[in-house]
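First the structure, in the form of structure tokens, and then the observations on it.
Per-chain residue numbering starts at 1, and chain names A, B, C, D, E, F, G, H, I, J, K and L are given in the order in which the chains are listed.
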């Protein structure tokens, strides 16, 4: 099984800012842990991060054929991007949505996700373990 | 670590009805898998199910002091019970919210949860693996 | 044909209070008339009333296999119970929704029903004749 | 007792189109069954159908003095006509509202009725038996 | 000055029904009083009533060139007819909107008028004197 | 018959500003015309204007016993003052609401009036003739 | 291919009024151009206009069997008529919705169409060329 | 005078949890103070608490004939229970609604009460003195 | 303890108008009872009433330093005055909100209070006893 | 250039209360700084403050002819006063709206301003420098 | 005439995915057909596609002076991009909005377009013929 | 003090289009004036403009450590970008929001800003002087 892990805008800052919400783990730490778990479970993990909506759209477009599933933490684009929704839907791949923090316990504008209606599962508030749970669910 | 797993109304039917939404696993299967994972991770798991709102409220009230965390799938009461919200908040315990199906991909009245604003994490659409992810997150 | 007639909260008071809305007929009168009509039409009628949401949920759960259809007047729970909605949906039985008064001519919070979207028919404002109409429709 | 049965727009098509929603019974069949039941119960039944809002308004205006009650299935005008509401209210007659299908299980714009607030009873989803239930209720 | 007075659905019933809202004056009485006042003020008054939306639309279409102004009490169509709005706007004539009762003191669905935004004046609650005030204003 | 005519904030500017909305007539002109018409119809007219909400409230309080009716153009307070609503309701007098311009053809925040639900009649868009229509209606 | 072109209320006025919105072309011009294009593309075009909702409903009812498709510009009824929606849906024909002006650039009450959800295509703002585009699309 | 004091879900926890909202007084303390004040004012006080909606409904049903008034702090059910509303209304007794904290200064979902519209008085934010104020008001 | 009791617009009319809502007690009666209770409980009571929003704002501004608490029945300004909200908040004093009638059982526009979110307690529907309850709560 | 600076309710308290929102500067300080800057830029500055809505309305009415521009911080009346909106609009002067704090970062009821739609510029959150920015902009 | 055809995010996938919504035609096919029709009608057609919002904004910025009109299918950005709206408005060019599918028959979040209010025409549901209709309208 | 001035989409067009809204000043003019004022006040000013949301996000990310404050005119992204909101919040810098025009006097969709809730100040409608006011406020 091949899994693409996509992280969206500002997640490159992880571990350096607002640790009271996102913790001290860096994106590299998260990716390393996901790679390790993937290796353990026999899944090939590829990680990408971008601050650009179109770059995420294009990663998703290119995932078709190359991957079996996408784990996506679209961060701010979760709430505003129909383009990512469309790309994910068109990919035909299995989709897992992850958020490091519990978005339902934050500002109202973070309560709606354009991705959830087309995701297989949605995990929020588990920090890096959310990605791990998604990997386990996909490889089960 | 002691964890109380609470399942709400109609979850006693699991595995017997609407398998297209909830799958073929029974509640006993879920509980057995959670107990096994708990044993593996050194957590003591106790499982309760009730169709009654007040019974869930009282399980939560009594959990204080007896447990360190609650994993709750309140099913229909997720969307309607302020009493469960209040009991969870008053318990002072760590709360993980789990749903077998992805509630955001179902009817609009299932998109709002009275539990999410006070939960540490929210996991939906992973089936029984959602409970396991919650156990892992609590014992990490 | 076996039909379960379920009456919800405060309907045990029928005939004793607020007769300007509900009339002078008692619940026992209604049940007797339904039994008589069932006998006439070759349907076996069983009647249950409860003020408890979970008790209604469990009556519905147990109806599967034992009955062919449910006639339900969920009274106040009509407007607030997702748990009854879920139990009815999971039962796989034919559902008829009845209200003694015309709920659309009363307070705005009585205009929405959680049951109507999954009912075969909805009858309100006919008093006891609403139950009889439901029995006739089910046995037709 | 004299009862006027009014059917609104597109109901002249009954039995010929969209049978998955409205069934195979024609309007003539419905009217015949209503006449038969009226005869049996000692009620004189008159049936009218029109696709025109004003024609329905005028039938209702002329019903005063000539009839004791109106059974109305206003179809699409249920949701849009204040004029029919006003005519029914001004008639001073008993009003029964009937819909062949369960409008609450269909599109959202069919969930509100301008007639329900002034009707004695509302019956939907029973097909032709809805008219019969209305006749029985009026003649009881 | 030539004025067309248009009355809408159910106003032909005036004086015969719901006198607690509309009073005992008949439409003929109103028309007679308007004609008399018109004569006094040097205006030529023509009166039409119809229960049909399209008939009102066509009266308005034909008014262009033949009349200087329209006084309209569209009754129920006030709240539902975009077609009458469009016809009035296209007529290029001066428009006065009249209602016998104070629609703002009645049901919420009577508080919005499709005609008011394109009327010169709006008068409600003055009974027949509302038409007279409109005639005076037009002839001033 | 004794009638109090109350004019609200900024109406003292009438005839000097925004004539495209309010015309060139001054408040004194309006009051003079009202006095004249009152004299003609046998009504005693008293006129007051204030820019202060509490002053209007107190004029209304003192009107009880001294007047039979109030004609009020509360201007901006129409849309914001519950205090004036309460004073008018408590006065027990007949109330006529007047606006010089057609408030329904202006900004959305002018479409709701706190006075209309307790007024006998509402007249807008007739300019000074609106006051005259109110006087005629009260003295009829 | 046989196509019925239906035009709704006030479109008989085309070319004579409000040319800043609708242009100088008359309905006869539009119909002539459609007939010509139909002839060119091998489609038989029939044109009807009515100001009456029920007349449009009945044209649609009779179109079944006689036509392959309907091009409809329901004008004001676009926004208010569920009856036309129902007739179009029951017809089983292909539906193209046309508006001369861009309804999305006009008043808010023109932004919702009861026809769009059941139309194959929606064209607005192209003037008479909108009808031609619909004919081309149907005959392609 | 006989008064029933009903306390709803989670109020059995009073004095043990969330003292920043509810204070350190236990439910037993509250009941004792109410009994004492009742004795002083010549009222017979009976206290009941339940976490179950149906138990509260049944206490209310049985109160009729046995009590003159009910003081109710329905806690979470205040915001969700139509069944308690119905039972209170059907009881025909005087109703006083009490909340320990000021619900209007808390989360938005606590701002609406199903009980207030049928209560004689509503008191919130006075802690145990709220119950005392209700007792005084009832015995005055 | 020094307490300022502020009464808002139209409360000077108490006892003379709309007794079915407010009773026969005059404002002087209320003030006398409050003074008496204050004397009994060792609190110094000062009473003010004004129909003017700014006068209430200024009373509140001057209360700082001179009083320990304010009991306010802002009447109509409860629902419309942000200025009173701001003055109360800036005063730093304890605030008790009182309404003679149960505002939640009246018109919808009386259900929201600008004062409640910053008040310690809110009491409505107890008539003059509401002020007494506030005095007791403040002096407890 | 002559500029009138108007400050609304509770701004007379500046520097004495809630310094965490408004800072320690007094209104006299602000006025002095504005006068100084005006002198430097060749503008004649006049300052007025009132807690009364009508007083502000009248200051604005009298500003016409006497001033070229108004800088207004209407404080609480920003959100509630249509009368001030109307007076400003009728003045025909240039309008600058200032708020000491950032109203968009405060309670939701402070997010809407009745003044903004008719102001040339809106400045909030700059403290006293907001007034200075307005003076600079007007004199540029 | 020079026309720029702009296609937005995910339209590069056309013909390869979700053919039940978008058909089997590729973007190259569409562009070829548009070029051919342009050649036939004497218009010079240039085609661009981008998944990036800013790239579309910049194409539009550069179109000014270089093109006479823009045909835009902004896909997902239709519903979310104010930046494209602003660029189109600033371009001063004629704008035609095209959608391959009927967006009004899809999810609710696709019913609103930021482009429609500033477009000359809007065409949806005609597939590639929508572009052709736009070209014809622009070149007419 | 080091200040980053960020300008968003379409602001590169300033001075060339829609001068009735934005004036004739170019972006280069604005930047030059800001640099000059910065020099005068001892602040080091850096200016960036981008039409791309991600480029703005990345400018903000890199500002941390390099700048003390950001003055941002996010133009269209003001209303749609949660990503910029997140980047600004994570930067920990002082934020000033500027708009050339008064966004509250334009279309409703421009009235909400994702930036305002986290900005120190918001200035709109002052044209280039808005940037200058922000610089003054930051350097004060």
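Basically, a residue touches a chain if its C-beta (ideal position, glycine included) is under 8 Å from a C-beta of that chain, and two chains touch if they have at least 3 such contacts.
Model, not experiment: these values are computed from the prediction.
Any chain bridging chain G and chain L, meaning touching each of them, is among K; the list is complete. Of the pairs listed in B-C, I-J or J-L, the one whose interface repeats that of A-B, with over half of its contact pairs matching by residue number, is J-L. A straight line joining the Cα centres of chain B and chain I is 47 Å long. Computed from the mean C-alpha positions, the centre of chain A lies at a distance of 55 Å from the centre of chain I. Chain centres here are Cα averages; for chain A and chain L they lie 31 Å apart. The residues of chain G that reach two or more other chains are 52-53, 80, listed in rising order. Applying the touch criterion to all chain pairs gives A-B, A-K, A-L, B-C, B-H, C-D, C-H, D-E, D-G, E-F, E-G, F-I, F-J, G-K, H-I, I-J, J-L, K-L. Interface residues of chain J, counted against chain I in their complex, comprise 8-10, 12-13, 17-18, 50-53, 55, 75-77, 79-80, 109-110. Interface of chain A with chain B (complex): residues 102, 104-105, 113, 116-127, 129-130, 132-133, 136-137, 140. Chain K meets chain L in the complex at residues 52-54, 57-58, 61, 64, 80-83, 85-87, 89-92, 114.
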